[in-house]
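For reference, the structure discussed in these notes is given below.
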Amino acid sequence: MHIAEGFLPLKWVIIWWAIYLPFLFAGMKKIHKLVADAPEVKMMLGLSGAFVFVLSALKLPSVTGSSSHPTGTGLGTALFGPIVMSVLGFIVLLFQALLLAHGGLTTLGANGFSMAVAGPFVAYWIIQLGKRLGLSFRVSLFTGALLGDLATYSVTSFQLALAFPAATGGVAASFLKFSSIFLVTQLPLAISEAILTVIVMNLLFKY
Amino acid sequence: MTTPIITTNNLIYRYGDGTEALKGISLTLNQGKKIAILGNNGAGKSTFFLHLNGILKPLSGSITFKGERIQYTKKYLQALRQKVGIIFQNPDELLFSPTVFEDISYGPRNLGLTKDAIERLVHWAMKETGTLELQKKATHSLSIGQKKRVSIACVLSMDPELLILDEPTAGLDSYYAKKIINLLNQINRDGKTIVLSTHDINFAFEWADEIIILHDGKVLGNGGREEIFLQKDLFQKANLERPMILDLYQFLIDNDYFPTQKQIPRTKEDLLKLLSISTSRILKNGQ
Amino acid sequence: MTTPIITTNNLIYRYGDGTEALKGISLTLNQGKKIAILGNNGAGKSTFFLHLNGILKPLSGSITFKGERIQYTKKYLQALRQKVGIIFQNPDELLFSPTVFEDISYGPRNLGLTKDAIERLVHWAMKETGTLELQKKATHSLSIGQKKRVSIACVLSMDPELLILDEPTAGLDSYYAKKIINLLNQINRDGKTIVLSTHDINFAFEWADEIIILHDGKVLGNGGREEIFLQKDLFQKANLERPMILDLYQFLIDNDYFPTQKQIPRTKEDLLKLLSISTSRILKNGQ
Amino acid sequence: MLLIDQYAYHNRFSDIHAFDKVTFSLFMLLFSLFARDMKVSFTVFLISSIMILLARIPIKYYIKLLVLPITFILLGLIPLMVNFSLNAIPGSEIIFDISMGKLFIYVDMSSVRAAFQLFMVSIGSISCLYLLILTTPLVEILYLLKKWRISPLFIEMIAITYRFLFTLIETAAEIYHSQSSRLGYTSFRTGLTSLGYLTTALFLKSFQKAAKLHQAVESRGGYGEFIGSEREYSLSLLNLGVFMIVLLLLVLLFTF
C-alpha cells in the first residue's frame, strides 16, 4: 500500500526524503564497491531491479479470495540483503510511480523508507535473530517476511499519523486508526507473501 | 468422416494497447487431423492459440468445443484446459520446475487425481516422449532438443484430446526436428488431434492433413493440404514461400515429365520416385 | 587468393560442469568470404564463436588473428573485439540500452573516438541496416525482426572486419529472413568477412562460399562449398540433412537429364533453368 | 504492455524537451502541496487535465488512471473523518455519532472539510504526476538526471532495470499462461505454489540473462557509458510563456 501522490504535506515530504536519503547513499556506496570489484554486478543488479519490479506486479492470491501485489521485501532481503534492497527498492518504487501510476514522486521518500528500509531491515534482523536462536531457516524466513511486511504497514500508518494527528488523542489515536485499517486489509496478504517467500527459497535450494 | 473438435466463430481480439490481433477468425478444426497453421510473425497465430483453451477471452465471437460453447467460468475452463493442451514455443522459458519429473507431473497434480493415477499418467507421457531416463535431471541442464520433448510430455501427461504446439521445431536441427515430428505422428496415431504453427513450409507440406493460413489477424485460406498448397496467390498474399517439392513437381508436370498424379508427392523421396518412373518411360520411348 | 583472417589451432575448451565443448578445433577462416558453420545443437558452434573474440579462453590451443596470436590482456582484447564483432542469437541478450540509438552508439562510444566520428559510424550502420527511422524508439518496443536488424547495427557500428552471427535467421519467417540475408550480402560486398551458424541447410547451400561442419566439438569438414556438399558421408556422420536442390540435381545427373555442370545450381530457380534447357534438348531429340 | 510507457513515446508533447515538462509539472505539484488550497489544487487539476488531453491521451484512459489511487485515498480518508473520544463529544457541527459505552465515535464537519481538502490536493498533485509520466519518455528523464549530475552508476542501474522490465514481464506472462494451461491457479494452494515456481524460475532466468548480457557488454568494448547522448536544450518561448502564465495564475489564486 503506497502513499499516493500529494497525500503528504510538504513538511513531511521533506522530512521523509531527508530520512531516506542516507540509506540510499549507503546502499549506493556498497554497490559502488561491488561494481568496482566485479563490473558484471552492474548488469546483475539492473536485472535484479527488474525482477523485484515484476515480482511486485504479480497477483498474489490471498486466503480471503481477494488478490493484491506482494511487496517483495522478504524475498528481496533474503536474496540481496537489506542495504542493497534500499537501492533496488527505490528503483522499483520509482518505476511504479512512473510506469504504473502507483505511489508518487513527492511521497517516494516516505514510501521508500517504509518499503525499502524499514521492511527489509526488520526482515533481516528477524532472520538473523532466528539463526541465533537456532530456529529452522523456514521458520525464521517466514517470520522475517511476515514481520517485514507488517513493519512496512506500521511505518506507513505512523507516517500518516504524524502528518494527520487526530483532533482528540493526537498522533497515537491516529496511528491506531490507520494501523487497524491497514492491518485488516493487509494481514492476509502478508501471510500469503511470507508463505510464497518460503516456497521460493525452498525451490532455490533445490537447484 | 470429419467431426469438428473446435469451431471458432468470428473471433475478434484486441490487446490492451489497442492492436487488433484477431480480426474475425472463423475456423473449424477437425478431430483426429494433423493441422498446420502458417503465417508470418505477427499474423496472430499465438493469440489464436491462447483463445482455444480460454486463456484469452475474445472481444466478440465464440468458440465451440465438441459442439458445446466455451463458458468462461472457472469450472468449465478447468475441464477445457485438461482436454486442450498448449505447448508454447520457448521451452527455455517455460520449464519452471527444478527437475524434469516435477515439471511433467505438475499438470496431473493440479487435476487432483490419486497418487497412482498421477504416476500412471506421468509414466505414460514420459515413455511416449522418450524422457523416462531424464526424469531425475535438472531441467536447466537439458539440451534444447530434450527440453522440447519434456515440454511435450508436460502437456501430454494431462491426456488432452487436442494438442496445440507453437513452432515445435523452431531452433532445432533437422535431427531433433525429425524426432519431434515422429513423436507428433505417434501421438496423432493414438487418436489425438494436433494443431501446430510453423515457419517451415516444407515441413508443413510434408506433414499436415489440413492447412490454415493466417495473415494480419484474418484467415486467408483453410482446407485440405493439396487444395491450399495449389493456390499460388494465397502464398503470395501471405508473404510465404511455397514448398520446394511442389514447385519442382509443378514444373515437371508443366514440362510433361509425367502426367498429373492423384497424390501430389510430399517428400523429396516421393518426387524422386516419380522421376525414376518417368525416366524409364522416356528411355523406353527413346529406344 | 585467400588470406586467413583467423586461424585456430587445436582449441580445447571445457565448461565448469565438466562437459568438453571443444575437442581440438583447428580451422582457418578466410578474409572476405561468406562462411557457414553447420552442426547439430550442442556441436560447439556458440562456444567456438565466443573464443573468436576472446570472451572464452581455451583450455589449450591458440588463436591467431591476421597472423598475430591473440593475447588475453585487457588492451589486446579491446582492440580485438572492435575488429571481431559477434551477434548473438537472442537479441534480448545483446541489446541492453533503453533506446535504439543508445544501443547502436554504445560500441563506438567505447572506442574513444571523436563525437563526429562516432556519429558518422552510427549513422552509417543505421543506414546500412535500415534502422534509421527506429533510432528514437525504445528497444523493448521493437518487433523481433527489427530487433535482429538493430543487433546487427550495434556490432556493425564498431566497423569490425569480421562479423560473426549465431543463427541470424532463427525464429524469423521467410520474409524477414530474406531481408537479413540481403543485408548480410551487402555487408560482405563492403569487404567484411562473415561467419554464421545456421540449422537451415538449404540457406547455407545457397548463401555460403565456405562450409565448416562441426560435430561433437570436432571439425568434421572444412572447405569450399561444393567440395563439402558433395561429400554425402560427412552429412550422415554429422546427422545433417543434405540440401534438397543438390539431391535433386544429383539424381537428375545420374539419370542423364543433363550433363554435370561446372557450377552446381544453388537455388530452385537455377535448377529449373537447367531443367528447361534439358527439356528442350529431350524434346528436340524426340522429334 | 505498459500503456503509460507507450503513451509517453507517442503523444503530441513527446518531442518537447524533458526539462520543460519536468520543471513545469513538478512546479505545479510542489506549489499545490505548498499552498494546500482548494482553489489552487482545482486549478492545477484543470490545467494538467487539459494538457493531458491536448497531448492526445484518450480521455477514457486518463479517467481510468484517475480512479486507480482511489482505494488508497479512501482508506486514507476514512480514518481522518472518523474520530474517537472517551469524554463527551468536543467541538461542534457533529454530522454523525454513536456511543459504545464510554467510547464516542463521531464524524464532524471540520474533519470532513479537512478530508475533502486533502482529497482535492491529492487529486491535483496526481494529475501533475500523470501529466509528467504520460508525456515524457523515461529515457528523456534519464538524460536529464545525467545532466543534473546524478551518480552515473545509479542512472545505469535504472536504465538496465527499465530495459529488462519488459523482457521479464513477457517471460512471466509466458510462464503464467503455460501454468494456467496446465491448471495452475485453480485454488489458493495451487495458486501459491504455482506463483512460487514462477518466481523462482523468473529469478534464475534474470541471473542467466545477466550473465549473457555481461558477455554482450564485453563483446562490445566493455563497460562504458550506458547513456551516452543527451538532448540539446533550446529555450522555447511558448513553453516559457505558458509557464509564466500558470505561475502568475496560481500565485494570484493563492494570495487572494
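Letters A, B, C and D mark the chains in the order given here, with residues in each chain numbered from 1 onward.
Note that a contact is a pair of C-beta atoms (placed from the backbone, for glycine too) under 8 Å apart; a residue touches a chain by one contact, two chains touch by 3 or more.
Computed from a predicted model, the values in this text were never measured in an experiment.
Shared contact partners of chain A and chain B, listed by label, are D. Counting C-beta pairs in contact, the pair that comes out ahead of the other among C-D and B-D is C-D. For the pair chain B and chain C, the distance between mean C-alpha positions equals 30 Å. Inter-chain spacing, taken between the CA centroids of chain A and chain C, is 48 Å.
A straight line joining the Cα centres of chain B and chain D is 44 Å long.
Chain B has residues 140 in contact with two or more other chains. Across the assembly, chain A contributes 43, 203, 207 as residues in contact with two or more other chains.
The multi-chain contact residues of chain D, meaning those touching 2 or more other chains, are 5-6, 138, 159-160, 162-163, 165, 167, 197-198, 200, 204, 209, 213, 217, 222. The part of chain C that touches chain B in the complex is made up of residues 17, 39-42, 143-145, 167, 170-176, 199, 201-202, 239-241, 244-245, 247-248, 251-252, 255, 257, 268, 271-272, 275-276, 279, 282, 285-286. On chain C, the positions that touch chain D within their shared complex are 50, 53, 55, 78, 81-82, 85-86, 88, 90, 92-99, 101-102, 105-107, 109-111, 137-141, 154-155, 158.
Chain D meets chain B in the complex at residues 1, 3, 6, 171, 174-175, 177-184, 186, 190, 197-198, 200-201, 204-205.
Touching chain D in their complex are the following residues of chain A: 1-10, 13, 28, 31-32, 35, 39-40, 42-51, 53-55, 57-58, 60-63, 75, 79, 87, 91, 94-95, 97-102, 104-106, 160, 164, 166-169, 173-174, 177-178, 181-182, 185, 192, 195-196, 199-200, 202-204, 207. Taken in their complex, chain B has these residues touching chain A: 98-99, 138, 140.
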